[in-house]
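Next come two complexes built around subunit A: one with subunit B, the other with subunit C.
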Partner chain A sequence: MSALTDPRGAVEELTRPEGWVLGVSVAFLLFLFVALLTGALGPTYFLFLVGLAGMYALLSFGLNSQWGFAGLINFSVAAFFGVGAYGAALFTASGSPLAELFEGVPLIPSLLGLPVVGLVVGLAVAFVLAILIGIPTLRLRADYLAIASLGLAEVVRLIVLNERWLTNGSAGVRGIPGFFAGWPVLGTFPEAMPGLRLEVIPGSPVLLETAFWRASLNVLLVLAFAGGVYFVLRRAHRSPWGRVLRTIRSDEDLARALGKDTYSFKMQSFVLGSLVMALAGVFYTHLNLYVGPGDLDPITTFYAWVAVILGGSGSNRGALFGGIVIVTIREGTRFLNDVALPIDPAPLRLLLIGVVIIAVMRYRPQGVLPPQRELIWPSAVDGGGAPESPDSGVRERKGGGGDE
Partner chain B sequence: MSEGALAKQDPVLAVDDLQKSFGGLAATDHATFGVERGTITGLIGPNGAGKSTLFNLISGFYEPDGGTVEVNGTDVTGMEPYEVAEHGLIRTFQTPRKLEGMTVREAMLVGPREQPGESFHRLFTSPGTVAESESANLAEAERILAEFEIDHLATQPATDISGGQMKLVELARAMLAEPEVLLLDEPVAGVNPTLAKKLKSQIRRLNEQGTTFLLIEHDMEFVMDLADPIVVLDQGHVLTEGTPEGVRNDDRVIDAYLGGGA
Partner chain C sequence: MTVIGYLANGLVFSSIIVLGSIGLSLVYSIADFANFAHGDTMTIGAYTALVTFGVVGGLGGAVLGLPYGFFLALVVGIAAAAVVAVVTERVIYEPLDVDSIGLLITSIGIAFVYRALIQIRFGSDFTRFDIQPLRPIESLVPYGVRVTLHDVAIVASAAVLVVGLHVLLQYTDLGRKMRAMADNPDLARVSGIRTRRVKLWTWVIGAGLAGAGGVFLGLFNQLSPRMGFNLLLVIFAAVILGGIGSVYGAMAGGFLIGMINQLTPFFSDVVEALPIWPGWLASLLESLVSIEYANAIAFVIMVAVLLVRPNGIAGEGAT
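Right, the complex of A and B next:
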């Protein structure tokens, strides 16, 4: 049932938590809208936050396809994120050490500075790294991967920090172009757009200038990335492939007894998730235009974990929701500075995340938007095959309707 | 060791001189026996005789220290469980395995082997084939659930059904993998008598349709009624093999069960 043709029916089909999430989201959007119109929230900064939310959503998607699908405990989200970010940064930045390194080498210097090459390199390095760490650990019990990945995250961070000839060390990489730099139309789009001046409330005008258009291009990019990833993961999740992963998550021995090559499936899930995390890193590079070793701190890993657990392990839309909540808490608390509080609000951020995760675990351990109860390739269920109507037993449980 | 063990006409499973020790304990001690195609072969023995270890060795979950396992004439010794399954040997577990977050029919759909939708890239390159096989598998799953008279459970959460029903679902799911020989580890342990009777008739029916069974069972009445021949295991080796009648009257078997003969 489409939400477009029958909005009332679509709303009525939602389960209570879904309705709750929808209500809060609508209220939140209205709030943001008002803040934008009154000039309390700068539009360019707002778009930067949307980009950041998209990046966290990507990280959560990646972790969800490892932990949520197959039960793989990966504590090196930050490492795969960092590999993507540094891969993209080193291949595109004007001050990149690679320019010196490859001087005189044929072909490679001409590839430097192209964001698409940076994207491919970032993903390729993450791919290799995921396979290298997966080979020794995925045959073993789940906890070995957890320990190895914890170590990997630190190794990658320390390499980035110390190998100055390659990564510029603690100074980080600057001079990174936007992702669309050099593209035919989009490359010059921000400069070509006229500056706009909106004055909704007299005295506090809203200015839309080059920086705003540049930021909107970033939003476009992250929407494309996250949308594409969401499409791929959604299809994978409800396929027989995803079903084997969920079997492995519940009981790996059962999957093995039924003839499934669980090592291969776990490797696929691990590599897929790592690529998505690296994609988040590539986007971050072109959003922030600077990367440093601090971006590889373990906190990024734990934000991604909080987002996935909060949203509901195994649920793609839950990961999306969790990612947005994380950014709201992380950046929203900055505005608390404007409100007179008896204490310094900055440390509240971590406290608030802690409180949220405890509250979710206590009252809704499956997460806010847990996965649907039944995941069968859609056309197989709709196209008959089931003697009794599939709607009777499934719909009220799955509750997602046509929009997942 | 009985010499006749290997002299089967058409063994679908042949275990030869299989050995496995854990530390100093020989859990499987030069075990040799065969399973004739088309039979329901029972595997009995006192607690600690090594029945479950033998199952784990045959199905590839343990690596044997010595000896060979052949399925359909192919040597599968030391292969991974999924490779053994590919050769037509499927097993179930003593305690029913729960699949959290799945409905019964969804848990059933894990059974079919080599589904096109299990290949990641084909989800995107040939979604039509995936959908076709998924529809066919779903129809087959519903059909088997109906045969087992548990089709009313199809859309129930797989974790919310009774232990006996789980055993039925396990058996039904194993059938979706189209095994040539199915190893059942205590199919009626903890199952109420009505369901046990149902399981018995299902196993008999599936056997008549061509599936070979090898089953471990402690319920003597159940196994004596269902299986023929019966292999008796004691302290890791095969004590004897014979008809239910012969085994029941064998003094060595009685000794083993009563803890005598030491």
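Right, the complex of A and C next:
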């Protein structure tokens, strides 16, 4: 808002890390833009990457509303992501065993194949799973919650891997339509659009064809998802409900002494975050058009964790930044393998993720973009002009680790 | 196979789990965080032993079907795991200014770095120690027990290590200091114990046992960069079952989880034989209690124990 009316002032107001992130992001965008124009980076692939970054940002938003808001250490991100993805995939895929399963049942066969219904199904399954996992684990101490949730996520992965009659086992599910398949206008939009041929640099034309338009629809979709979730989470975080969660995060006994049912609040936060993760899964299904049990690997969980702790726990813009970094690591290692170093991308990716985790915990445990102004009403900062906002004490105690 | 046969297999697998869970529990009680890099410390031990064994070869004679060179490789593997853990503690964990949750998250990063380095060096394929696989011991086969001399060697070595640790904890100065520190680090410090040194020794012992567990796991199954991480949750289940921070609880928990894991085929036979009503429940149980879900069963038991007894079977009252 203020950035539009007073750009210079807005830039000056940035903290140093914010300035750095902004600078690096702009440089990175310019680099990508040049690569696009010269044809080194296919526009369709670029939009796929944007979609993927949006997907990781969604995943991080979900984790953020558990770890950042209420301090829940949830290591079962991959399970919720996978359940959302598989729920939507099985409901919409052409060769899905659900068609046989529901044969003769009224109404359901006519709904099969509709992505919107798949979305609802994916979220519903994640909702049930969140309650099932939450009931036993949310009463536990923080580190026990971490171990137990990782274990339960592994149980979900094993079930997906072994129940071949439903999930097709390790071969995964194929034949998934795009999210807009069957929609009135958007369903045929990619085919209806004419193919464009841009020649910015002579000799290396940039072709914009059906695949490109399909990818741009996906980007619009993820922008809509991420924007909606961001808005809801921001409202939620600033609401009285969000304040209770922050109190629980910094001192659960205090929240209990104030008469709050902390278990119930933690469960609400857990379910909310899980739904957002499942939403990311649903989007991933329609972006990638294939899901396999490899998507439920614990590494997916830790991708989301890296995004969140890198950005700063509780910070939604941090999560967005983290999502972009994750995609850069994921696809950058593949690119590196193709072009420069013949190192297998999988371990390199693992190495980078590990190094990023260690480096963040060592040098900036509060994250690169810790939540500052975004957590409180802007007027609180503008009016007082004092950096000591009421909740900064809470945050310092959390991030600084004063227990030692 | 008979029940005794499954029990014998369970004993072998338990020995490996016990070695892993003791180290994890020691580090949990003295360094005060859940070390997610413990499984990959096992992997380091296993791969170091693989390389060492490849270099030194058999060295002539053999005990229990294992050449002398293998035991040398075992010692080198234990040493390597311990050295790596101590270096990690000094370089990474010690300078950190975060709480125990921060340490937990850092340990995940360290686990990834260990695994990535091993995978870059050795590839992600399965390998084996270059030792001739043995046939099951003939005299035991009629009882339905199919264990090899190698399995006997695993159980015997694990027993030696566990008894050694028991003696160390109960009868030596270091052991007393470690127990004091696990109980109350501040009190231990004011009474003149050099807590930093004790912590380093804890890492040496914990990681060393993990390295031994890794070598035996490689001998029992195969080696792969994921072997340790895959086992990590089973080990956590054992530690939680026994009660976090209790070494003897970890032994008991490791023994139970290892047994349950290897007895899964027996349980599925039992489930099939039992007259369960209604029919859908029977078929559901039959499909869930199978070898594919052996690890899942361990995790579910872990969560159940956490619900009923959050401090484990041998845990103390306080959290």
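One rule holds in what follows: the second predicted complex is superposed on the first by the 357 of 404 C-alpha atoms of A that agree within 3 Å, B and C clash if a C-alpha of one lies under 4 Å from a C-alpha of the other, contacts with A are read in each partner's own complex, and residues count from 1 in each chain.
To be clear about the criterion, a contact is a pair of C-beta atoms (placed from the backbone, for glycine too) under 8 Å apart; a residue touches a chain by one contact, two chains touch by 3 or more.
On a predicted model such as this, the values are computed, not experimentally measured, just so you know.
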First (subunit B), second (subunit C), both or neither touched by A:E103: neither
First, second, both or neither for A:D261, with subunit B first and subunit C second: first
Which of subunit B and subunit C A:I309 touches, first, second, both or neither: second
Which superposed partner A:R235 touches (first subunit B, second subunit C, both, neither): first
Which of subunit B and subunit C A:D253 touches, first, second, both or neither: first
Which of subunit B and subunit C A:A148 touches, first, second, both or neither: second
Subunit C-touching residues of subunit A, taken from the complex the two chains share: 73, 136-137, 139-144, 146-148, 150-152, 154-155, 158-159, 161-163, 298, 302, 305, 309, 343-344, 346-351, 353-358, 361-362, 365, 400-401, 403-404
Subunit B contact footprint on subunit A (complex, rising order): 232, 235-236, 239-241, 243-244, 246-247, 250-251, 253-262, 268, 272, 314, 371, 373-377, 379-381, 383-388, 390, 392-394
Residues on subunit B engaged by subunit A in the complex (per definition of touch): 59-61, 80-82, 85-86, 90-93, 97-103, 105-106, 109-111, 113-120, 123-124, 127, 130-131, 134-139, 142, 146, 151, 154-157, 173-174, 177
Touching residues (chain side subunit C, partner subunit A) in the complex: 33-34, 92, 95-102, 104-106, 108-113, 115-117, 119-120, 123-124, 225, 229, 233, 236-237, 240, 287, 292-293, 295-296, 299-300, 302-304, 306-307, 310, 319
